[in-house]
Structure formats: C-alpha cells, structure tokens
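Structure first, commentary second.
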Amino acid sequence: MTVQNHVFDVPYYQPIADECALFETAFNKGLPLLLKGPTGCGKTRFVEHMAAKLGRPIYTVACHDDLSAADLIGRYLLKGGVTEWVDGPLTRAVREGAICYLDEVIEARKDVAVVLHPLTDNRRRLIIERTGEELQAPPNFMLVASYNPGYQNVLKQMKPSTRQRFLSTTFDFPDAETEIQVVAKESGLDVERTKNLVRLAGHIRGLSSLDLEEGVSTRLLIYAASLIAGGMPVDKALQYSVVEPLSDEPDVQVALRDLIAVVYG
Amino acid sequence: MTVQNHVFDVPYYQPIADECALFETAFNKGLPLLLKGPTGCGKTRFVEHMAAKLGRPIYTVACHDDLSAADLIGRYLLKGGVTEWVDGPLTRAVREGAICYLDEVIEARKDVAVVLHPLTDNRRRLIIERTGEELQAPPNFMLVASYNPGYQNVLKQMKPSTRQRFLSTTFDFPDAETEIQVVAKESGLDVERTKNLVRLAGHIRGLSSLDLEEGVSTRLLIYAASLIAGGMPVDKALQYSVVEPLSDEPDVQVALRDLIAVVYG
Amino acid sequence: MTVQNHVFDVPYYQPIADECALFETAFNKGLPLLLKGPTGCGKTRFVEHMAAKLGRPIYTVACHDDLSAADLIGRYLLKGGVTEWVDGPLTRAVREGAICYLDEVIEARKDVAVVLHPLTDNRRRLIIERTGEELQAPPNFMLVASYNPGYQNVLKQMKPSTRQRFLSTTFDFPDAETEIQVVAKESGLDVERTKNLVRLAGHIRGLSSLDLEEGVSTRLLIYAASLIAGGMPVDKALQYSVVEPLSDEPDVQVALRDLIAVVYG
Amino acid sequence: MTVQNHVFDVPYYQPIADECALFETAFNKGLPLLLKGPTGCGKTRFVEHMAAKLGRPIYTVACHDDLSAADLIGRYLLKGGVTEWVDGPLTRAVREGAICYLDEVIEARKDVAVVLHPLTDNRRRLIIERTGEELQAPPNFMLVASYNPGYQNVLKQMKPSTRQRFLSTTFDFPDAETEIQVVAKESGLDVERTKNLVRLAGHIRGLSSLDLEEGVSTRLLIYAASLIAGGMPVDKALQYSVVEPLSDEPDVQVALRDLIAVVYG
Amino acid sequence: MTVQNHVFDVPYYQPIADECALFETAFNKGLPLLLKGPTGCGKTRFVEHMAAKLGRPIYTVACHDDLSAADLIGRYLLKGGVTEWVDGPLTRAVREGAICYLDEVIEARKDVAVVLHPLTDNRRRLIIERTGEELQAPPNFMLVASYNPGYQNVLKQMKPSTRQRFLSTTFDFPDAETEIQVVAKESGLDVERTKNLVRLAGHIRGLSSLDLEEGVSTRLLIYAASLIAGGMPVDKALQYSVVEPLSDEPDVQVALRDLIAVVYG
Amino acid sequence: MTVQNHVFDVPYYQPIADECALFETAFNKGLPLLLKGPTGCGKTRFVEHMAAKLGRPIYTVACHDDLSAADLIGRYLLKGGVTEWVDGPLTRAVREGAICYLDEVIEARKDVAVVLHPLTDNRRRLIIERTGEELQAPPNFMLVASYNPGYQNVLKQMKPSTRQRFLSTTFDFPDAETEIQVVAKESGLDVERTKNLVRLAGHIRGLSSLDLEEGVSTRLLIYAASLIAGGMPVDKALQYSVVEPLSDEPDVQVALRDLIAVVYG
C-alpha cells in the first residue's frame, strides 16, 4: 500500500528533540533510518514533513502479515492480453530518488528482508529479479522504517542482521507544551480548553495500573478537541474519542471516567 | 460481500441514546466511526437508517477470516479474453461519496488495515496499487465499522494503531419501551403480547448463570412474535425462535423453558 | 456439491412431531430454518419431502472444510478460450425460487457466513460481487441448514450472529412405531422381523456406556432389513450392517453382539 | 491415481470367510461396502477378484492427504489452447457401471465425503458441478472403500455420517492353510518350505511384545519365498524380506532373528 | 530433481557385504529395494554402480518436503501458447526401463505413495491420470529408495502399507580396509596417511558421548585427504573438513580436536 | 534475490586468518564452502573480495523462509503472450562459471537441498527439470553458503546430508588492530577516535550479562564513526548507531550507556 506525495508544501511538524538533524544526516550519508515508538505519536507526519523539507516525494507502505517482496518491488500484470511490468512502491522510490517509508516493518513477510539487505549496506542496490533489472539507488533515495517495540512478540522480531543495518531512534509523545500547540492547531479548539485535554493525556499515559495496550494518542486528542470545538459536551466528546477507543473493559472505562472527573471536576 | 442500497426511503430505526447525533457529527467532520455491541441489537439497521437520512448510498461488507484488501478495493477479472478492472465495495463507496460499513471488521485479514490507515487519518486517501490510481475521499464518504467485544480472543484483536483512528461508541439492546415498539411494528403482533416477549428477553439477558454466548437478540423476538401472530402456540413459537437458536445444551434449554414458564405461567 | 431435484413426486416421509407445520410457516414467512440432529435420522429426506410438497426444486449442498462462498455463489470458468459465469447452487436456488439445503453447515468455510447474512435477515438479498449482480430472493426461495450438535468442537462453532438468524428445531430418531413403518417400507422386510431390529436400535441408542460416537441410524436398520429380506442370516446381516459400521473396537463389537443375543436370543 | 482393469481373467483369490457372498449381495442391492483390515492381507486382490468375477471394470484410487473431490470427479484441462473436461476415476466408474475402489479412504481430503454422500444413499447420484452434469449411477456401479483401523488417529477419522452409509466387514490375514496355498502359488516355492514361513508369520503376528506397527504381510512372505525359491539362503532372504522391512530398531531386529532361529533351528 | 546418467562406464564401488547380489536378485525378480543407512556412506554411489553394471540408465530424485506425485510423473507445461506434456523422472524411467532412485523417500509428500503402490505390487503399473495413459513397467525397470532411520520423527514415517512393499537392507560405513582404499583412490592421498584419517573416523563414529547427529562421512574423509594431498597442514585440513562440518558447538569442537591429537599426536 | 557484480575491482578486505587460502583451495578443488559466523562480521564482503580476486562474477542470494528451488533455478514467465524461460541466479552462475553465494542458507525452503546435492558431490550437475536441461558445472563455478549458528533453532537446521557436503570455517569479528583499520578506512574518521569505538565494541561483545542477541557489528561501528566524522557529538552518534540498534529494552540501553561512559569518561 503506497502513498505518493508530490505536493511539496511542508506539512506542519513540531520537533521533539534533534530528530530532524538525525534524519538529514542519514539522508546525506545514504544511511537507512529506523523510527521506534508508539501509535499515533507522529512518526508518519514526521517522515512526511522531512520528505517535503528535503524536496523528495514519499512512498508510504503500511506493512502487514501478507506483505511480500513482490508487493514492494512490483509484478507482471496481465492487462488486455498483454503482460506489463508494474513497479512497486520501493522500485518507484529508487527510480525517482524518493523516500520510501515502511511503516511497522516487522509485520511484513520475511522475504522483504532479502530486498532490503543489498539496499541497506554499502551496495545500495535494488535487484528486480523478474525483469533482470538492477538499480543503483541514487543519492537522494532514502529508506525509512518504523516499528513499535511495545507490540513485539516472539514470532515477529527483527533479525539482528536486518536491524544492524539501520540508524535508530526512539519516538515518544511530544511534551505538553508541544502537544497543546499541535492539538489546538489541528482541531481549532482554543488553547485553554486544549490544556485540559493534554493534562488528561499525561495522566492516562502515566497510569500503568490501567493496563492499557497503549496510551492515548495525539490523534485521539485532536478528535476530542474537534468534537468539543464543534459544540459537543466535554464528557460525551471524551467518551467517544478517548474512553471507548482505548478500552472495551467496563472497569477500565470507569477508571478512565474517574480520571476525567479528576481533571475536569 | 457488499450490499448496495440506492433506495433512500429512510428505514425505520428507534434511537437508543444520542447515536444519531454522533453519527452526523462524524460524517460532517470526516471522521471514521466504530460501533461496538452484541449480535442483532440493530447496528446494521442503524447504519442503513443514517445512510438514508443523510442521502448517501451504503455498501455493507460482512467481514470474515478470508476477506482481504483486494476484496475491498477490487481486482482485475478476466472476461472473455479481456482483463477488466472491477472496483470493490470500498472503492465504489469512495468514488461515489457513499458510506462503507465494515461489519465485524476484526474478522478480516490483516492487510485490510493497510487500506484503512491512509483512509482514516488526515490523508483520507485510497490507493489502488494495482491500477496506480489514487483517490481522495470526497467529504460525503464515511467509513463505519463494527465489532463485538464479546467475541474477542487473543489471536484477533484490533491493533491500537487501527483502533485509535476511530470515534467509538457502544451499542446495546434497546430499552424495553423501545424494543416493544420495534418488535410490534416488525412482526404485526399486538403490543400486549409483545410486552411479555420483551420481558422474557430482559430475564434471559440478565441471567449470567445461563452461560449463553450471547443474550437473545431483538431479531429472534421478532421471529417469535411473527410466529405467534401467525397463530402458532406461544410455547412452540418460543421453542423454535428462542430456546433452540440460543443453545444446544439440554440443561440450558430446560432452564430457558423454566424462565418462559415463569413469565407466561 | 449440489443435488437438483426437478421430480415433484413427494418422497415418502413419516412425520415425527410438528416439523412439517414449522417448515411451512418458515417457508411462508420467508424465514430460514436450522435442523439439528444426529446422522441418518432423516433430515435430508424431510427436506426433500417438504420441497416436493411445496412444489419447489431443491439444491442440496453437503458442506465441508473447503467449501467456500464461491462454491455456493458461482465462479467464472474458462471454456474453450471464453470465460463464462457459472451459477453455484445457492444462486440457482435464489434465481428459481427453490429451496437450498446446506447440510452440516458449520463444516463450511467462514466466508460462507458473509453470503448468508444479507440473505437471512430482512434484506433477503444475494450479492454476486464478481458479476456486480444483486438478486432479491423471491418469496418462494427458502434457506434450510442442518448441523449435528454432537460433533461440535471448539474450533467449529456457529457464531451467534449467524445462528440467531435461523428458526431452529431438533430432530431425533423417529419413535419405534414410526421407525418400524419406515424400515419395513424401505427394505421390504415384514413388520414382525422389523420390530426386532427397531427394538435392538432402541437398546443401542440408550446405552451410553458403549461410548459410541453416534447411535445406529435408521439407514443402517434399513440395510440390515434389506440383507435379511434377501435371505442372509440375521447374525451376519447385523454384523455387516450394525456391528462393523458402528465400531472398530473389539470390546464394543462384543458388547454389541451381546446386545443382539439378548434381543434375538 | 487410478488403475483401470479391462482384463476379465479372474485373478486368483482364496476366500477367507463369506466375504464373496457379502460383496455379491452388496453389488446386487446397490449398497456401498467398506473393507477394514491391516496392510497386505489381500483387500486389493479381493476387490480385483470380485470385479473380474462380476465382469465389471475396476478403478482403484489409492487415497492420500491431498486427494480431493476434483481428483475423483475430474477437471478441466488446458490442452493446446482448448479447455477439455477430463473425467476422474469415480466419474468414469459411474458412467461405465464399474467398481470404484477407494483404498485407505480416510486419508483423503474431507471434500471427498461431499461427493460420496449422494452416491451412497438412496439417491445414488453423482453431481459434476463444474459441467452442470448429473449422473444417475447405473445398477452395476458399486463403491468399495477400505481403511486400516490400526492407523486411526484423532485427526483422521471417518465421520459417522459417512461411515453409516457403508456395509462393513473386517479382513484379517488368511488362516495358515490358506496362506500356505497363496504363498506357494505366488512364489513357486514348495509347500514344505512355505509352511515354515507361514509358521514364522503366525509367531510374529502373535507377539504383541514386539511392538511392531503391523504384523508381517502375506506379501512379504511371498517376497521371502521368492528369494528362497531363487536360491538365496533362508537367513538372508528373511533378513531382507522380513526383518528389515518390519523394523529399524536393532532390538526388534534381534528379537525377530531369535524368532527365526526358533522356527528354523 | 532428477539426474540422468547415460554414461555406462561402471563407477568405482567397493562392496561391503552381499548388497550387489541382493540388488541383482531384486532387479531380476522385479522387486523394489529400500536402502537404509546414514549420510555419505555410499548409497547413491552404490545405485549408480549397479545401474551401470546392469546397463540401465538411472534417474535419481532427491526427495524433499514439497516433492509431489506430479514432480515424479510429469505435468503439462505452457510453452509459447501450446500446452505440452513433460514426463517426470519416474515416468521416463518406466518408459525406458531404467532405474529410478528416490533418495530420502520419506521426505516426499504423501501423495507420492499413491504413485508407488500400483508400481510396487504385482500390478507394476504407472498411471498417468492427467493424460489418461497407463504404463506397464517393463522387466528392466526397477525402483530403488533410500532413507536414513536416524532422522526418523513422529511426523515423517513410512506407512507399513508402503514399507512392506520393498525388500530392505541396511547400509553402514565400509570397514576400515575398504574405506582406506576408497578414500585413497578418490583423493590421491597415499595409503599411509589415509590410514590415519580412517582411524580417526572410527574413533569419531564410535564415540556416542559426542552427541553428534551423524558420524563423519566417507565424503568428508575424502575432502580432508584432498586438502592434505594438496599441501594443507593436517590440523587445518581436519578443522575445515571434519571439525567444522560436524558441529557448531565449541565443546564438541574441542573434543574433536582432542581426538585428532590422540590419533596424530 | 541476486546481486550480480561484473566489476572486477577487488573490494577492500582485511583477512583475519587463512580464510583466503581456504577459499582458493576450495575453488581450485571444486569443493563447496560454508561460512559460519555472526551478523555484520564481513562474510559478504569477504566473498565479494575473493570473487573479484579470482576474476569471477558473483551472484548473491539472501535466503529466506519462502525461497524455493525455483527461485534459484529459474522459471517460465509469461511475457506478452509468449512464455519465456528465465534463468535463476544459481543457473546463471553455473552457466557463466561464477560464484553463487547463498547467504543464510538454512532460512531457505527445504527443496533447495535437492538442487544443491547433485551440485555439491562428485557429480557437480545442475538439473533444470522444467526445461529438461542438465548442466555440468564448469571448473570455475563455486558454491558458497553462510549461516549464523547463533540463530539455530529446532525447526531450522541443516541436515547432516547437506552439511557434510561443504568445507566449513567459522568467521568472527576481526581483531582490534584489523577492525580499527577497516572502520577508519570506511568512515573517514581518524585512527585515534576510531580506537575508542573498537575498544567499546570489545567491551560490548564480551559482556554476556547484557543478554544481547548479537554483539555490535563492524557495520554499526562504521555508522558511528561516519556520524562522528560528520560532526555529530559522540554520545548522540553512539545512541543512534549503537544503543538503539542493539536493543529496545530500557535496562539494556542504560547498561550500554554506562559502558560508553566508562570507555569515554
């Protein structure tokens, strides 16, 4: 699954630490980059932001259990009796000197590693076995991957032989100051009311006793802020955009509502 | 599997809480919506009702173990020697600005998430990799999904990265007043006799000791009411439409018949 | 796998309870019907009987592990260079207003449920996604399914969301009087000698200590009666048609022969 | 995998009990027959013998894990650009009124049961869904199946709904008298020396302490007799045709050689 | 995977016991032969030797997990728009009256047994279902199979119904005298230095305490002898051709080097 | 996945022991070679170096779970209505007399062994069953394979019958002197600062208490040196290129940073 972005307006992104500098260094040195971190903390947005800033198109591939090397490289398709080669998103990125972003890369099938290895060491080559073609990645091609260490299980792990090919950095939710700015800007809600939302988010993320699979994402805060800005009462807006999306367990939902009462009470 | 509904007569639906307002807000803000709740409590009917009210066609997809991204997006089919692209229900919904309803979405294969992610964040884009096409969802496109938290198992769970993209709300059986109205209207049975059926349903749903996988649905009450309205004795009608559909266990069937005797005795 | 029956001679069937009335009511109300019960107690015969009585063709599908939605709905077949759509048995039944009987429905693959859902609620629609066709089931179409609760295991269970769409009734072996009539009529054996066979069957079915997977079916009694009517000694006929078909275990076979000695001794 | 036998010379077969009469009765009554018993006791030979005696061609199908309904019924094959239907062995047997013998039937895939059900009850019909054809089995068609109860495991069992459609009988190794005759006739070894081999076989089959998966088959005795008749010393002949084929375990091989020493010592 | 050998120079083979006589008897009697034994003890070489001696071509098939009946028999291949039947190695062997050698036969898929059964009993027939052809094996066709009892696991075992169709014999490493001859001849190393290698091999094979999956093969001795003959120091040659190929465990490697020190010290 | 290298500039490689001599001997004797060792210690680089030195092209195949024999040998591809045979990398290597390098060979599917066996014993033959072609490997063809004993699990092990066909040697990280040279040369960092990095690597590799899946590779040291040479502060460079790529565990990351503090403090 790919997303091609030819629009070079730089999307809004509020840096957390020095991730922008790291990205630029990796891009300039031709090194692949691995972003680790939880859901909805802005990894995709960050990559889109950097791509635009560097003036490169971006191909985003959301990886999944059945994603194979052919999905990345391309395949022959039969069209009206004629067989035609159709490039996959990785091949297109290499050809155009674009950024290819493999979101949640450990979800992909194992043959993907085969494609990535010669592309992520000093060879920087993409081999299209089916056509016999062999592409030398241009200097402005960059491979970025992400994964969420929180999901890790025994069956799905990145092999060290793949992992040790990437520069890596860990992402986390932005600090309160930054998150308030982001949520207010995206939702149109005033800063004062946004502060409460971000304060609530801090409480939820800090409460390990709640046993949530993940803390509330910035995206859900924006949803909540949007509903409130649209006139929905705060408790309902938070029920639909925070409590229900985070858990199905009645106990956990009660605990979340208690937390809301504390923050808003 | 899709169901296209071009008839805009608004199907009968009796609201339970403020779910209609939530649906309209989500539709207007372009946010995806997740409906949680048990079998046969009216989720499908609700979505059809809202689609008609908003004047949008609806594509319903009942998800299952083998449902893949291609089933939603489309595929090339060979017809009389010519290969032709055939849109899947999701693609059709995006093109027409319709509502796409993914019933029991966690049953679907994991590659479906790949399609949904860029469609459910701020990008709102559907990528048709096979044709190279990329669709920007129009404002009147909406994605609705449902699932039943009661079925959840370890193997099939919605990943937070998918789940935190939806506004969510929980459905439950309607209150007695509403359910009497619905059952009487659908079956043609008089309100007096319908009351007993709904009273029985309340007892069954409340008895956790019975160890039923799910409580009796409104649909089964309508079946029972139909049979009674058609002249079948109450005990037989309830045997065929409540006792037998709910359980194969002789013990549980006896307990259900005892409950019936209490209500009707 | 389908069986089409255009001959409308009503096959012989001896009713056990009010199952004929239930079938007719379900047919008239357009409701699907689920028959539960052990092997060889006459479910298939019953459905064939009712189909003939109601003047409808019948399509019987014996479900199995690999039966998919496409097996029921149809598929494109390549014939001499031309691709041709071929209706599956369910589609044929919907088009002709016939009865479609899904024998042992829980054996089928899970995508079958997707086809059945819109066909078994108030929509009564069959969607043929591959051709883009959508069929409204005519009033004289009826869906009947069967399964054997005795086989149930953890992996194969009917989901409540499917199960609560059917009227259900439990079949069992006919009472002695009826079974004697059936066996005598089918085998040509005199009633006197048939009585002993049915008496034996009662003993076998009642003996839970034997640990048989299922009791002896009416079909096996007919086999035994046929062999005896053809001149085979009773002990040999019962060995080949009752003892050996019921078990491979020497202990169980001895116990069955003891039971035979008691009845015939 | 099928074996067609148009040669009607009756192959040599030495009856053990009244299995010939049972086979003829089943053939005349149109009932399917199930043969149970260990490897190499002559089931295949028996069926070939009866087929020749009844003047019917025989199609033998050795069932296995991947044998599907299509392997039995037939499939479309692409030959030089033209698609041609090719009957499978079961279809050929039904068309010609032949005997179809499914060897080790429980090994086959589960969709095979679907084909066999309407063919083994009073309908006696074979449905070829792919071509839309429906064959009524002629009176001289007969279905015979075999399986070995000794192999049974939890995963592979005949469902009662299939099993209770067959007349069944158990085969075992022939008695000593008969086996001597068979082995001598097949191998050309004199009766005197054959007696020792059959005596040895009796000892091996009786020794449950040896923990062999199966006793020595008549076939292996014929191999041994052939080697001896060809001039090989008895101990070597028995090593190659009895000891080594029965076990890889050094302990068991020693025990078998001890047994040989007892019989021949 | 097949190896066709039309060169009839008899490859060098040093008999261990009377395996040559057994092979010839089996060939003359038309009986299949099963060779059991460890890796690299010369089974393949033996079969090639006998094939050349008997003047028959040989088709060697190295069996594996995915080897199916079609791989042995043949299949239709699409070549330039025309479908062409291509014989598999077994079919070619039957047609030409050659020897077909199935190396490590239990690794193959289970449908292979179906092909072998009618070919390995008195029928000696190969059925090519796809083409409708049926071949009677000529007298100079012979089937040879091998397997290694040491690998046996619960999932992969030869069924007695297959196994009891073969004459069987166990292979082992040659005696020291013979092995010295073989290694010296193949490597060009002088007999004196070869003796040490074979002495070392004897020690390694006898040491059950080392917990090696298999003892050192004659092939590895030839490798070692080749390296030594080419001028490499003995300790390095043995490190690369014996120690490293036998084990990855540091402990075991140390033990092997100690053993080498004892023999060469 | 193959990498073809027609450029014969010998890539820089710093020998560790006598691996170059072993490679040349194996090449000259026509023996296959197995390289064992951890990730990123230079195996691929070594093979490329030797290939260039010997003037042979190299085909590198990164093996994975789904890599099958056909991926190595080739397959028919449909191109514009015409079916065309396309050689796989192994076939190309045999035809051209090149070096074929199977990286992480035990990851490949089991049917690969079938291809390798006749190519790695005295036959040295590659059989292309699909085309009926049979290639005799020329003297300048060589097969090299690698695997990492550290990954070994019960399901994926090299069978002795495959393993005992290769000369084997173990690779490890280069000694400090050599590694400093390599890292400095590749990154452009001065030797003084490189020494610290290699010292750090020694500490990390020696600390078994850290429970890392693998020690830090030379490649990651080069990454770190590159970043430092580019002006990034040492602690950040090590965070992105050593700490984060080695572990997701906060405890382990802290331990690694402590180690860095010790070396740089």
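Order as written gives the chain letters A, B, C, D, E and F; numbering starts at 1 within each chain.
Everything below uses one rule, namely that contacts are C-beta pairs under 8 Å (C-beta built on N, C-alpha and C of every residue); 3 or more make two chains touch, one makes a residue touch a chain.
Everything quoted here is computed from the prediction, not taken from an experiment.
**Q** Provide the labels of all chains in contact with chain A and in contact with chain B.
**A** Both-contact set = empty.
**Q** What is the touch distance from chain C to chain F, in steps?
**A** Graph distance in the chain contact network comes out at 3.
**Q** To the nearest 5 degrees, please report the angle of the rotation taking chain B's Cα atoms onto chain D.
**A** Rounded to 5 degrees, the superposing rotation is 120 degrees.
**Q** Which is it for copies chain B and chain C: same residues on both faces, with over half shared, or different residues?
**A** The interface of chain B with chain C is built from mostly unshared positions.
**Q** If you average the CA atoms of chain C and of chain E, how many Å lie between those two points?
**A** 53
**Q** Return the distance between the CA-based centres of chain C and chain D, expressed in whole Å.
**A** Averaging C-alpha atoms per chain gives centres 30 Å apart.
**Q** Quick one: which residues in chain D touch 2 or more of the other chains?
**A** Residues 78, 81 of chain D touch two or more partner chains.
**Q** Examine which chains touch each other and state the graph shape they make (line, ring, star, complete, other).
**A** Ring.
**Q** Applying the document's contact rule, which stretches of chain A touch chain B when the two form their complex?
**A** Within the complex, chain A contacts chain B at residues 1-4, 38-40, 44, 60, 62-67, 71, 77-81, 86, 88-89, 103-104, 107, 148, 151, 186, 213-214, 216-217, 219-220, 223, 226-227, 230, 232, 236, 239-241, 244-246, 248.
**Q** Of all residues in chain C, which touch chain B in the complex?
**A** Touch list, chain C to chain B: 18, 22, 25, 28-29, 31, 34, 36, 68-69, 76, 78, 81-83, 109-111, 113-115, 117-118, 121-123, 125, 127, 129-130, 132, 134, 149, 152, 159-161, 163-170.
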